[in-house]
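Order as written gives the chain letters A, B, C, D, E, F and G; numbering starts at 1 within each chain.
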Amino acid sequence: MATTKIKPLGDRVLVEPLAAEERTASGIIIPDTAKEKPQRGTVIAVGAGTKDVTMEVKPGDVVLYGKYSGTEVTVDEVDYLIMKQGDILAVI
Amino acid sequence: MATTKIKPLGDRVLVEPLAAEERTASGIIIPDTAKEKPQRGTVIAVGAGTKDVTMEVKPGDVVLYGKYSGTEVTVDEVDYLIMKQGDILAVI
Amino acid sequence: MATTKIKPLGDRVLVEPLAAEERTASGIIIPDTAKEKPQRGTVIAVGAGTKDVTMEVKPGDVVLYGKYSGTEVTVDEVDYLIMKQGDILAVI
Amino acid sequence: MATTKIKPLGDRVLVEPLAAEERTASGIIIPDTAKEKPQRGTVIAVGAGTKDVTMEVKPGDVVLYGKYSGTEVTVDEVDYLIMKQGDILAVI
Amino acid sequence: MATTKIKPLGDRVLVEPLAAEERTASGIIIPDTAKEKPQRGTVIAVGAGTKDVTMEVKPGDVVLYGKYSGTEVTVDEVDYLIMKQGDILAVI
Amino acid sequence: MATTKIKPLGDRVLVEPLAAEERTASGIIIPDTAKEKPQRGTVIAVGAGTKDVTMEVKPGDVVLYGKYSGTEVTVDEVDYLIMKQGDILAVI
Amino acid sequence: MATTKIKPLGDRVLVEPLAAEERTASGIIIPDTAKEKPQRGTVIAVGAGTKDVTMEVKPGDVVLYGKYSGTEVTVDEVDYLIMKQGDILAVI
């Protein structure tokens, strides 16, 4: 897992996207439309939260998030997403 | 009921949809339009809630939810829905 | 009045709609447009309320609610409406 | 003033509309457009209020309210309006 | 200044509009467009305020308010405006 | 700096706009488009604030505010702007 | 880093934009579209915060912010951006 000096602000989370699986465990090819489904990624860094939001995720968690969540950020040539914790559906 | 490592975040609920009944108890075929009605599913996992939302449902509850509620998620080849507790109408 | 195992969530109320009166007490036929007026129904079950909403209605109350309030739900072949308490105008 | 068993919910008020005056005190005919102005009515029953709204009006008050405020309700062949207290401009 | 039995509700203020000045103090004719500028009026009566709004203006204050603020009300053949305190820009 | 009897209400601020600089300090002519940039003005009077807003600016401060902020007001033939403190970007 | 007498108001931050990198560390030319990505800048001055927002960034921090965040401000011929802390994604 990449480590980084990037410190997300407020209730934001820095996520390193995992490549969308091409096939299911049993080998079935996942059609593109399926890739519309929630994406997966690893939490790299977490903000301090806000008055209204207590942070639940922590670095190392693998999370599910909506397809169009977050803002793309490239730092030291690594592509990340910065999103609000509210965009994260679950920890898997 | 499926068990899973998926931990919904905040006030979200992981639901495994139940197949829409094709016939009523007394055998009447339910037309498609009726399937627009609230859907049913079993609660698999529940988030910790948020500052504003205390969780009422628990794993094992059978619930009614709006037709277009939640986001489809497939984990270990099982299809689930992740929705906010606010989308759930009732426990039956 | 029907009893049921349905437990509405949060500030929702389960209502069994009463048939719209066809005639007034003194026999005047109520035109369809009048049926646009608030509908009547009997409260069957009540949620626990939320942080912001204390429940005022109780099972057995006959209530007035806006024409398009609530979601239709059929359980054990009985048609109900699940609505928020905020959609209920008054107890009569 | 009509009395009634209708109990408005939350911050709602049951109002019996007063006929819009046709003429001013000094006999001038009030044009229809003037009838666009706030309407008058008598408060018949008042809800208990809500977490955010303390009730100010009471049965018997004559009030001014916006032209399109409230929902028409007919009970026992008497026409009323059920409106939120927030729609009432003033007590006169 | 007119006195009146009208009691505005909540954070509303009863204002008697002052005629828009036709000329400046030094005699310059004010064009109509200038009359788009804030209007002036005298506060006649003030509501009790709300949970969120403490009343600042009092009867007798001359106030500036936005051109399209408030609702016209005629009582005892006197034209007033009922507006929210939030529509008042300043006391002059 | 003009003094005035105008007392802004709530979180409003009375500002006397400064003429947009035609040239930079080093003499470069500022194009009109640049005048789209935040405007400058002197604070003349300040409201008491509201439940949610504590006032930060004080009479005499020179402030930067968005181009289209506030409402034009002419009192005693002096042109002012009345704006919310939230429209003020900074004190310079 | 420029120092300045500009004091941002509330939860605003004064940022001096850094030139968008033309090439990556390893020399690859960054296409314009990439410049749509979050921008970088140095924090010059910070407001006092508001009732709801506690300030996290401080002068000297290098920050990432959304492409279209903030308002351009030129003071003493230096171009800055004034933005809300909420527009800042992270400190890097």
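Everything that follows uses one rule, which is that a residue touches a chain if its C-beta (ideal position, glycine included) is under 8 Å from a C-beta of that chain, and two chains touch if they have at least 3 such contacts.
None of the values given here were measured: they were computed from a predicted structure.
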{"item": "Common touching chains of chain D and chain A", "value": "none"}
{"item": "Centre-to-centre distance between chain G and chain C (centres being mean Cα positions), rounded to whole Å", "value": "54"}
{"item": "Distance between chain centroids, defined by C-alpha means - chain E, chain G (Å)", "value": "43"}
{"item": "Multi-partner residues of chain A (at least 2 other chains)", "value": "none"}
{"item": "Chain-level touch network, classified as line, ring, star, complete or other", "value": "ring"}
{"item": "Ring path (origin chain A; first step to chain B)", "value": "A, B, C, D, E, F, G"}
{"item": "Complex contacts: residues of chain B adjacent to chain C", "value": "24-26, 34, 37-38, 52-54, 56-57, 63-64, 66, 85-86, 88-92"}
{"item": "Interfacial residue positions of chain D with respect to chain C in the complex", "value": "5-10, 12, 14, 45, 48, 50-51, 71-77, 82"}
